[in-house]
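My questions all concern the structure below.
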Amino acid sequence: MKLSARNQLKGKIVGVTKGATTSHVKIDVGGGKVITSSITNQAVEELNLKEGDVAYAIVKASDVMIAVD
Amino acid sequence: MKLSARNQLKGKIVGVTKGATTSHVKIDVGGGKVITSSITNQAVEELNLKEGDVAYAIVKASDVMIAVD
Amino acid sequence: MKLSARNQLKGKIVGVTKGATTSHVKIDVGGGKVITSSITNQAVEELNLKEGDVAYAIVKASDVMIAVD
Amino acid sequence: MKLSARNQLKGKIVGVTKGATTSHVKIDVGGGKVITSSITNQAVEELNLKEGDVAYAIVKASDVMIAVD
Amino acid sequence: MKLSARNQLKGKIVGVTKGATTSHVKIDVGGGKVITSSITNQAVEELNLKEGDVAYAIVKASDVMIAVD
Amino acid sequence: MKLSARNQLKGKIVGVTKGATTSHVKIDVGGGKVITSSITNQAVEELNLKEGDVAYAIVKASDVMIAVD
């Protein structure tokens, strides 16, 4: 499957925290950068996401803001 | 100003493409990773964004999906 | 590639309208339902999206609101 | 009330799962398609959403990505 | 129609700028606050949005970030 | 830090509700308008958000829909 999303960052899962309905998954994408994702518990279970897995952080361009100092 | 957004990736602007109302800004965040952002022309002008500038790509955790191969 | 997104609606592309930087892609997902997507021109070109192609409309659960009459 | 959102899919609620602050609501929009929405518990209570109710899944065009096989 | 969105700010349209596919609509919600919305041209036409109209800016809670000085 | 986000509404925090992984923060932005934000618990802790604090509700223009009566 190929995605329209402009941002597809490959990395390794370094944390999965489950809440009541929502989980937080952290992906180390290299260069000291860790991306945090908030997804449903159901997605975590379906994809069987766990620490050490290779995964991608996917972000649509329209969801990226810019900041400057 | 400090932001709640979990993802604040520092990098250098490597491209600014203006459309009629919407611009695309590309930020090289290191490690061969370039983030594309779609923002208003007005924001590009107000922040005076241009190639070579240091900038941050800001993404809320709830806007990050996960994919696996 | 498997995605965390809870909503992955298969259909057929029935329209691609290109703007200056942003395109609108319409996907007929059956049952008289057409989904409109707003993505970058670059994504349209990279995926070579055109009328008649089979495609999926992908939506993260946190981007779905509910309305009642 | 009329909405700018391009995607307004009418259906029937087939599941409401409440978490600590966030609920997941599933809407069967016909043709075997079920949409999952993640909204606040407060919204679920205010709209009094429950299984069997007619409801709409509302999605802004800029929140729809496209995928192809 | 009642919406799950936590944020529904009533105001008056003070600007509509059309681009090639995307429009920017500005709503004065009072107290000197103007909200900018980026929506499809098609939505602007369908709702016949124009300066002086009463309208609501609608934002899902999961799309609101917090900042502090 | 300056942000591309078109909507940066200054106000006072009037409520912080923590869930298992997700918190809801309410900001009174004046004129009787209260904005609800859904962010990670981690963000609430890092920014040390609490009732009475001055804070900004930040919303990207592409996350604002329009409604009319």
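Letters A, B, C, D, E and F mark the chains in the order given here, with residues in each chain numbered from 1 onward.
Everything that follows uses one rule, which is that a residue touches a chain if its C-beta (ideal position, glycine included) is under 8 Å from a C-beta of that chain, and two chains touch if they have at least 3 such contacts.
For clarity, every value in this text was computed on a predicted model and none was experimentally measured.
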For chain D placed onto chain E, the superposition rotation in degrees, Cα atoms, nearest 5: 180
Would the interface of chain C with chain D count as same or different, where same needs over half of all numbers used to appear in both copies? same
Using CA atom averages as chain centres, what separation in Å is found between chain B and chain D? 29
Provide the C-alpha centroid distance between chain A and chain B, rounded to the nearest whole angstrom. 17
Rounded Å distance between chain B and chain F, as computed from the means of their C-alpha atoms: 21
Among the residues of chain F, pick out those that touch two or more other chains and give their numbers. 1-6, 19-22, 24, 36-40, 42-43, 47, 49, 56, 58, 60-63, 65-69
Please give the residue numbers of chain A that touch chain C in the complex, ascending. 1-6, 37-40, 42-44, 46-47, 49, 56, 58, 60-62
Quick one: which bits of chain F touch chain A in the complex? Just the residue numbers, please. 1-5, 19-22, 40, 42, 60, 62
In their shared complex, chain E is touched by residues of chain F numbered 3, 5-9, 24-25, 27, 29-31, 33, 35-39, 43, 47, 49, 53-69
Which of the residues in chain F come into contact with chain D in the complex? 17-24, 36, 38, 62-63, 65-69
